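Every chain is named by a letter (A, B, C and D) in the order it is written, and numbering of its residues begins at 1.
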């Protein structure tokens, strides 16, 4: 297909060596090894992958086939390096590299409980397999590395396996990912039956023929990407994993599924059918709304972030789906914009979500809890973490001028474009509604992160842990600083990024203008104005403060005397107005119980409860799982222990078989 | 002739040693060495035949035995499993002698005596061209493995042995009836003279055989050998026998005996298909296979006994192989048989180690193994993953072969059911493995620290896992090509 | 007309118009309530007074509380340079989404600042404001997006150009004005969504949000709110002008000022005649705006 | 070629004996009946062998008479005495009922006839005895009586093999005989073990391995 080139294989093999050999060395060290060299090696491996990703843009697509005897029966280990995989290699390598400094500081507080050797192995294995998944060129290679990715990430989720909840989470995650593999397998097998090839490149199914295999593949990818209604594992697994792992999984791993989706459905697609486009857009929209709504009502900081991953995956899918739909009407710039938006958001989300997870990890380490109702006032004790977390929050809320806004603006443009471009009223209206929905999601995200940042870092500490909180170690801060910086830089240098994305989205047919022309935001002017006003304001503030120093006093308390932390608004009460608007989706219910004789008029104490119920988990998946377990319980009764029964079964079987044999002619 | 001759001496030698040897410790080592030599010899004489593309099914049988590709392949598999289990047995019995009520030396030598003969009987089954010999060999395997199951002399092992003996003998008796029927069919065909039981001869003149007789005989043969293979409604003996036997014996039973039964089914199904009864095979064997897979997978979910767990997973794999047979996919069947033998042997041996260490089969009582024996646990996890057909292990490749042959025949429903069942099985195994490996290990648990955890206990499974891995990611293309070549 | 001219123009107006507007509203209200009311220039004196005072800051507050008003103001200021709310092309060619998100950024900072003091009222205000903007922002964006699709661009300059005489444009403009008006009312937390003159904390929305602010700090916020008011009202004015036939820039400018005055009067009247809605009923009001916006979208989808 | 009188005589008597065995519960008696059955079948084999001039078949017949007709019954009766079991308690239903069930099963077998028109006549009594044997195994609780049931089943098959126009290869026949014999011996040993371990040989009580 393509000539094998050396230039890319070098960094890849180097990364493979660093990521595989080093942790294997770790295997032979102490159980609680946490030496700096492991994170350094991880960092170097990540850099190599980053280089490889950059290199992918350098030359026409390259095909690498591993030498014999390595192979998978019918086909060989084959990898394809093209701009698309380059982009994702960049994401994987970049984020891993930026997470690396964080590892040692964080692991210091889990090393006592967990087997660090396993941790290092699994971590490097995860990074490596992610890199290979985006490179895989045929179905079998893909499945092998895909499953490797699942198993290593499972081990990472199960790193701290002594709490029961973590075990449960890990196993739920494993179950989900296994079903995703099963779906993919069925899809691939069916495609092979139709096309007779295992090569992704050779798959060309269109129209009704593409429907069945395409749907199976999509289902598999959706499970991995945590798309509604398959997202259940995501908010369960992420909180249980160590924070850097959550960052890697939520920031990067779920995107790997997106990479495959783009490769198989968008850029010279294997499965062509506009129905896929509609399905992807619709599910994306639902996931976005569903994710942000449930994020709003979470108490666990990391679970909140996990639900936001569902939301952002939804946004990315909307882009991809629009790209498919717009492309299906013939060449159009909209398709390119939409795909660019999706890919750009992939990168952005990888950055700020990792940043936020690292921040959550620092909070966890510093204050000893992730429960929003036990945190508060960390801004004073953890200023750095606070700053970076807030910046991450601003980016994920797509506030200009940070990177989140750039990609969401492109998304808006693609909706606008498809609303203008299409002639079918239903499409136009749908696209317009998507704009509204995106805006709604944005507003909800802002509300959610006002709550998150405010409750965690502002106000008074709500627990002893939060009072005693301490700032994270320097390494951890460096990681967050790097991620935060890249968030800002990417936001400001969006045109440059679009230049790169132009190369990736080139395969999509375009009429006329190019991608860069679509970017017509006065970003420079915006930033200048912001900077000037802020600087001016700062100077003026300094000056006037020196003139009239501020006075400190207690918060206004209606004259009852100084308020305690419990007088503050808690996370639950903050979101109450919004949650009660969406009570149907959230199954949001409030209850007020008053205790004491004559409780109605003069209650001794009042307790307010607000409960939400993740409908899918409690009404669909839970019952299904219980049902399966019950079957598993009942079915063992077949082995009743009585030999007479067994013999009788044999006779009955004999008669049945005889009947069948006799009935045949 | 020499081919067949080389199979005999070493096992025979082991029998003699077992009859003569009385001193503890020596016999296992000697037997292991003998088995090693045996494996070398077999490899030397038989391995080349896999690459020798000249041999095909129509090679002339020697005294009713036929060393065709099928036979060759499975002789090698059996030898591999036997080698593994005999090597592991040295460490196993060494440890066994430390428990509270150690087995008498008499029992150990009995074990080796019967085990060696058992291996020989299995050779007969896979090499038999004459259905009568195949039947005799099959019954012999039952009779010879029953004492292995009874090794522990406990109430449970006794019960298991009785059920195993009776059910399998009855099944096999049906099988003999089927054999007799096919013999009659051969007489009625008019071209085979006084009649013949040679699979080759029968297959050659399959079309002259009277359809009705062929159908009825296939039904009885399927019932008979299906019982031995543990297909769904006939499987009841399997979990009992496999779980009560000592680890090396379980490995032999699960790793090679099931293959033998499946080879028998493969041959008779091939015969039926040649006689134009492919439809019958599809409506009898295929449903049984699918139900077996589904049933076994569901049985894994709530199973609390680790060895029964493995037994049921063997059943599941048997179902998959039976499906491969009914789909006529030889590469799928062969690969699956090989891979299942390799990794299931490894897992059974590991389970044996656990059993010896924790004195319990109850999964609920073993916790946090990862914290006390990381290496051992990882091996167990990998082994279970391999058993469940996870990439990159060979079993994945094999199951993939089978599924893809099903897909290529456009049986979407079959692919779906199998894929779903495999997923359920994987998850069930993962749950069980998770509850063993993870969690907090309570030191109060009745785990004994065995002084000489002899190397073979961990080495053999380790090597087997490596083999399984290599079968997955570095499978010799030539062999695969040949295996597929058999089909065309 | 390039930014060399428009920038100073806008800056000047930004400095004058907002406070004037507020003063005007107060004056009109007073008159409607048969009071003489303070002078129109009163807001200027208020701001000046506040600026000359040192603020009192809660012990709990951190840097956020001190910086937030500044950031908010700069965001609103920048937005003011991007929206052609004077009828004159804005110095920075603004984009609909950019502006909305910029304003949201300001809101985000103020919300954080409110939570920073650990005051229950501040948090209450923040959460209510967030809840309000959940409705307001989509309605505004949908309405403007309908125009954007009509004009094939999300830039204010093109989006507000419209095509005079085209009745579709007129109807669209009408619908969007309704949507925008309701959204703006809610967003600026004026009657009947919120009563800016209330003194009972529990009923406050915006006032509760800034309850802790004082002096300099408060001045910045008040000014920012005023500026935001004038921007949004000016924007609505532009939408109304879409239907009208084109004029020279000068006339448009004058028309805009006129419209601003009218808008303030309407605002004042509505604040006098309406009572504050119960909190639970605010969504019902806002759903009118959203409905109008969706109608506009439907119209564009069918006819555009 | 039509089947010889001797075969039909053997088939009918064997079937009747099997029916009779189903009807009774006394262990000794059933073993004796089995002995007679084997004896008859052996004689039939010899007769057919003589008729077709197949010395091998004669040899097989003799072997059957000696092994199945004499040694095995003696061994079983000895085992029964050692273990001390006289009367077998039936599993689900009383003897007469079983008798009728057996009859109905036989008629079911006869129904197979139209099912497989091309099957030789000798199939039917064979299958009948086979199923009666199964029935014995299913309904008897004593380990030793299960062995008897198994032997009856084997006899059914043997009846079929000698019914064929040409008997199976001698190696197969003898091998089968040996297998059956060793199976019975092994089962007998196990029966002793069961008696020793559980103080009874009621296999219906062996229900500890479940799930």
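Observations on the model:
The working rule: contacts are C-beta pairs under 8 Å (C-beta built on N, C-alpha and C of every residue); 3 or more make two chains touch, one makes a residue touch a chain.
Quick caveat: nothing in here was measured; it's all calculated off a predicted structure.
Shared contact partners of chain B and chain C comprise A.
Of all chains present, the one whose mean CA position sits nearest the global mean of protein CA atoms is A. One simple way to say how far apart two chains are is to compare their mean CA positions; for chain C and chain D this gives 100 Å.
A separation of 44 Å divides the Cα centre of chain A from that of chain B. Look at where the CA atoms of chain A average out and do the same for chain C: the two points lie 36 Å apart.
In whole angstrom, the spacing between the mean C-alpha positions of chain B and chain D is 31. Contacts with at least two other chains are made by residues 116, 134, 137, 146, 203, 206, 208-209, 211 of chain D.
Along chain A, residues 636, 639, 643, 647, 650, 658, 662 each make contact with two or more other chains.
Residue positions of chain B with contacts to 2 or more other chains are 162-163, 166, 170, 174, 215-216, 239, 303. Looking at which chains touch one another, you get A-B, A-C, A-D, B-D.
By the touch criterion stated above, chain D contacts chain B in their complex at residues 116-120, 123, 126, 130, 134, 137, 143, 146, 150, 153-154, 156-157, 160-161, 164-166, 168-169, 171-172, 175-176, 179, 182-183, 186-187, 190, 193-194, 197-198, 203, 206, 208-209, 211.
Chain contact summary for the complex, chain A toward chain B: residues 31, 68-73, 77, 115, 117-118, 140, 143-144, 146-148, 151, 158, 161-162, 164, 167, 170-171, 174-175, 178-179, 181-182, 185-186, 189-190, 192-193, 212, 628-629, 631-633, 635-636, 638-639, 643, 646-647, 649-650, 652-654, 657-658, 660-662, 664. On the chain C side of its complex with chain A, the touching residues are 51-60, 62-64, 66, 70-71, 73-75, 77-78, 81-82, 91-95, 97-98, 100-102, 104-105, 107-108, 111-112, 114-121, 123-124, 126-128, 130-131, 133-134, 137-138, 141-142, 145-146, 148-149, 152, 154-155, 201, 211-212, 215-216, 220, 279, 283, 293-294, 297-298, 300-302, 304. For chain A in complex with chain C, the residues that touch the partner chain are 376-377, 379-380, 390, 394, 397-400, 405, 408-409, 412-413, 416, 419-420, 425-426, 428-429, 432-433, 435-437, 439-440, 442-444, 446-447, 449-451, 453-455, 457-460, 520-522, 525-526, 529-530, 533-534, 537-538, 541, 544, 548-558, 563, 565, 567-569, 573-578, 581. For chain B in complex with chain A, the touching residues are 162-163, 166-167, 170-171, 174, 215-216, 218-220, 222-223, 227, 233-234, 236-237, 239, 277, 279-280, 283-284, 295, 298-303, 335, 368, 370-371, 374, 378, 385, 390-392, 396-397, 400-401, 403-404, 406-408, 410, 412, 415-416, 419-420, 422-424, 426-428, 430-431, 434-435, 437-440, 472-477, 480.
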